[in-house]
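In order of appearance the chains are A, B, C, D, E and F, and numbering begins at 1 in each one.
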């Protein structure tokens, strides 16, 4: 069916009221500040048959991202460039609302938003992945495997993708193409997602918050504070001021996340 | 975004390859009520884009288990004709059109009084017959007219518009070459009266200041496009009155 | 899914009786003679990214046909021949009864009947579309995009296909293969469709007529009055005499349509 | 139709490559009641064709929303075994078999008293085990026997037969080489008693006169094939009586 | 769709009791002994467009297996080996419970169990099917077409596959690769299937028996009495002793079936 | 099975390439209750395998027509992550995983008291995150823990274990190289208390005596694995009590 929905039917009215009430007092259902993300733990190299991998735990949300690097043919219009391809699987293990079957619109949006951040942020130097111009290049497959869904898959997956890429090695020796080498990473784009709850904007929404949010905004920024990708979701709207505020917050929060990814720190925001 | 090339997108006079100023829209032509079978329809030519939209509904949602007892479901389907692009596109939905259909559905729903039509769907079909960059924002703009033509009650006519960056300059409404070789694109959908933002995507590389400049440009152009929508609707009305 | 039906459920008994009554008086619901087609307007070159295109308006039925011409490999058993392939999309924009999804049996029959006319009528000189024998040939894609469905898609689509082919240019220069050249057209096969209503045979049925017809016959003839393709449809039958009569009428009507296609006339039958 | 070749399909004596006269059928063998599970079944060998047909129904249409409250739905499914042709065919329906299934369904429905079985389906499965041109008309002929074997009430046994043109000569019942290298093929399904035409297709290049000659030939041969159908049914009956 | 089930809903309680009662007296619903298979008739060469074929009638179960032999590219990791591929179609002609559509889990299991017997039993000498090392090999397609389903498709299909292989000729001359030659068969693996009914184990279950069985076991053995494949099915269990007993019986019964396949005998078990 | 190679799988001391004795298991680590959303979950590392399992249910079977009025339907879905193997696997079910899902479902159902939960499904999802041969038996073993964690009533914890033949020697629990280059593999699922066999497959080439030796080995090892399962469940219980 692929009719997978992130939100799960009706949230009890009482919980909705409770979350709004907390927001009006400046706090959240799990006690966080509006601009505070959940504890973040990154385990690189979890899946050793992959050329790179990272298990991301963002609160109770768990995502495993694997990177495979294989040989293929370049696209005719980019003979001097390796290939990046991103796929997301919302396997039914991760949530009672995920259904088996080919990727639905939720999984496709997730994969494309993560892909956009990595691609437009030029995280990988794809020109260094050419083996023979126009003939043979390295293909980088990013596969997002969601294990436990407690909200905000965009950030968990985007963080996992970047972390797995920094972990990845190009298996050149296996193909008699010289020594293996680290995947050439040149930028570090990090997504940060916000939810609009009533008139408040909160970072890294958990499942309860996501379920009652009217609008969602993901902003991906790099180590220079430049913006590389945005994606607004849900059927509510943002004011222009809210958008500006979210973009500003994303630069700050992105910086903190980036240091966890690069330091391979074991998490604990702050 | 960002394919390398030696193409100069802005000339020495600050003009773009199609002669436009940075904050200038491409020519836009709209027509309401172009199809017989649909409940509402409209057609738009926007630069080299030719896009037709049709609305069916509110009609009973089927199969029944998808019905929402509290409101209508808005389902937009963005589709490109195989021959709408330079290299023939295989028919049927690809990942890009699935994503665009989703964000367009969400944007349109934000202005529709869905709670008036529980257990129904409002289906919006957007067919791109000829593509020239900016199809999603042109699609939203024309879909909005088709919804009005179908008599669907809305808070406002929603408007799509994009801005971006080429050769380091922030510009409005990228065409195909600018989209291919430029540095950033920011498609938006705006509710003209309240200036709320119903769709927002971005890809490329922009500083905060550049991004704000681009969004300002799109917000402003939305008012102009909105006036064209009103004109198109009026033409249809007038015709009808003349006939009567 | 894909359960698209041309007819739309039950036609009110009253309308059915009315159409039969009119037929018994020698006329039709829109005032046409039995052998009269609806106003036909053809706009060639409507979709300029296609190598050829034609927007056909046959009464209220609207079909846009695009022709793309690309390079490919010939079939092993016809190394000296270009390739023709025809596809039809009954997009849900065109009718409340069309559903999204892969082509159903209605769309497949439509595409195959149009294809048969063009192919068996040898409209295109496929031997002139060989670039390198057995290696590289031009592929001609005919894509039928139905926009507004008010009956008789077979004729609107077949006319559109022929018109789009006569509009088409082979983009040789883009591939450094010399100058662009007009697609080589050698014959002009035109389909004409008849519906059996009661014991009457009418040409170019509109949706109302199609919905109550017991049988349908499409006859494709060329500029020499030869027959190239036939397709009977629906669960009723024809007498042998009715078939002969329809074939004869198709030659005459086909001639009129052909002159509109070739003259790029703006329509108005008669 | 119409692959070029130097093959001579009619020899100097006016005979065809398999020795037949222009208006001569290939050998045909039919057998009724060949399967245990099906409600009705039949098997045909027609030239090099080997085709089996089974009928299930009338049975309740499922899912319910496809039910017609006024009549049975007749669904024929024409299918070729992967190994029935020279080059292995990928299993599953292709565009050709979808079209053939449709026109065969329509042809069979024309003789069935469907209004006696509202809300049901009558499923007809035609499996081509070995193919040698003319499979659709042989398929209709054998399906008709399977329907009779299942006790489905019909106006008449429907008959399939084709004629065509090879080397400029109008001939009956093309075989594989004639179909590949000939100039036209006209498959038909005929109701023998009333001579009504329930299926008619054609592809190739024929003058009006040639086409009429071909159709005349097929109409006449249909009567002969019909007699064979009756014989095949009688054999089954007799056997049963003998057993009893 | 594709939800084809071998068993057909609820078997009447009375029939179930009756079969159990018979079993307790040492006999079966069709009078067979526990270790007795139904009459087996094999017609090789039935489908002459196939390179090899066999129509198998096992009681009322009828399966037609066709073998096609075509040219293809070897798998990268086995450049010195031809390719074997097995497919099963449960066409809806064969049973009221079979549905059109892509192969469901029943058809896939059937094809894989037959494939496993042929492959692991090394029935075909695949190394003799190399035309050009690493470039061109013969591909052997085994296609199982079920015609009438009255139980035990595993054995009917496995027997048919082996018989069709022994009938098959490699069409070398058609491709200008020398004379045609018999497909090189080196072993003769034969499957025998058992059903557990109550506490009894019966060979070659018919449909009635299959429908009330709690467990199923297929054992494929070759002419040396070696075991090449096993597959247990259904949600019941076997005791270890039952498994041993079934393996032993399969060697004996397999021997009888093998002699029918190789002698091209016209059947009649015993 | 049986790819040719010069690799020696048993050395002169009778040891295997990873240093194990013929009847020795690879290291196994189990953990119960690793996911928040699932009703039950467990994780296993078995040699180089890393597998996670989750259970949802009993929950109402949907769509309704699949409901069994007499019992729960047990549906296991075995799935490999694209990156769990050396050469990237295309996402989604292939023929192998469809077959494995079927036999695993049947094996698990044999121990579940399904008749207590009519009209429901019990869904078991097995995700292979890193594969090293024996994934199906490891999958059954960990799925069994996830079922227990979900509180599904069972006759016993079912255990998966395989044995096989390499270099002519019967061995327990093949790893990837042994599976690729060995001569036979016999995956089994065993109910430890009654020693019933709930899953049994085999491929390769083995004499009757070798096969019995292999099955004996797996039957015995199952008892050892069962003890580890009990330990893993105890650890979870203890933790909970400590927390309380």
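Keep this in mind: a residue touches a chain if its C-beta (ideal position, glycine included) is under 8 Å from a C-beta of that chain, and two chains touch if they have at least 3 such contacts.
Everything quoted here is computed from the prediction, not taken from an experiment.
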Where each step is a move between two chains that touch, what is the least number of such steps from subunit B to subunit D? 2
Based on the averaged CA atom positions, which chain is farthest from subunit B? E
Suppose each chain is reduced to the average of its Cα coordinates; what separation in Å results between subunit C and subunit E? 48
So the centre of each chain is just the mean of its C-alpha atoms; given that, what is the distance between subunit C and subunit D in Å? 27
Using Cα averages as centroids, what's the distance between subunit D and subunit F in whole Å? 52
Should the ring be read from subunit C with subunit D in second place, what is the ordered list of chains? C, D, E, F, A, B
Going by the contact rule set out above, which residues of subunit E touch subunit F in the complex? 77-78, 105, 108-109, 111-112, 116, 119-122, 217, 222, 225-240, 243-244, 247-248, 251
Subunit D - residues contacting subunit E, complex: 35-38, 48, 50, 52-54, 56, 59, 77, 79, 81-88, 91-93, 123, 125, 127, 129-131
Which bits of subunit C are touching subunit B when the two form their complex? 46-50, 53, 60, 62, 64, 66-68, 70, 87, 89, 91-96, 100, 102-103, 141, 143, 145, 147-150
Once bound in the complex, which stretches of subunit F touch subunit E? 1-3, 74, 95-96, 98-99, 101-103, 105-107, 109-110, 186, 191, 194-208, 211-212, 215, 219
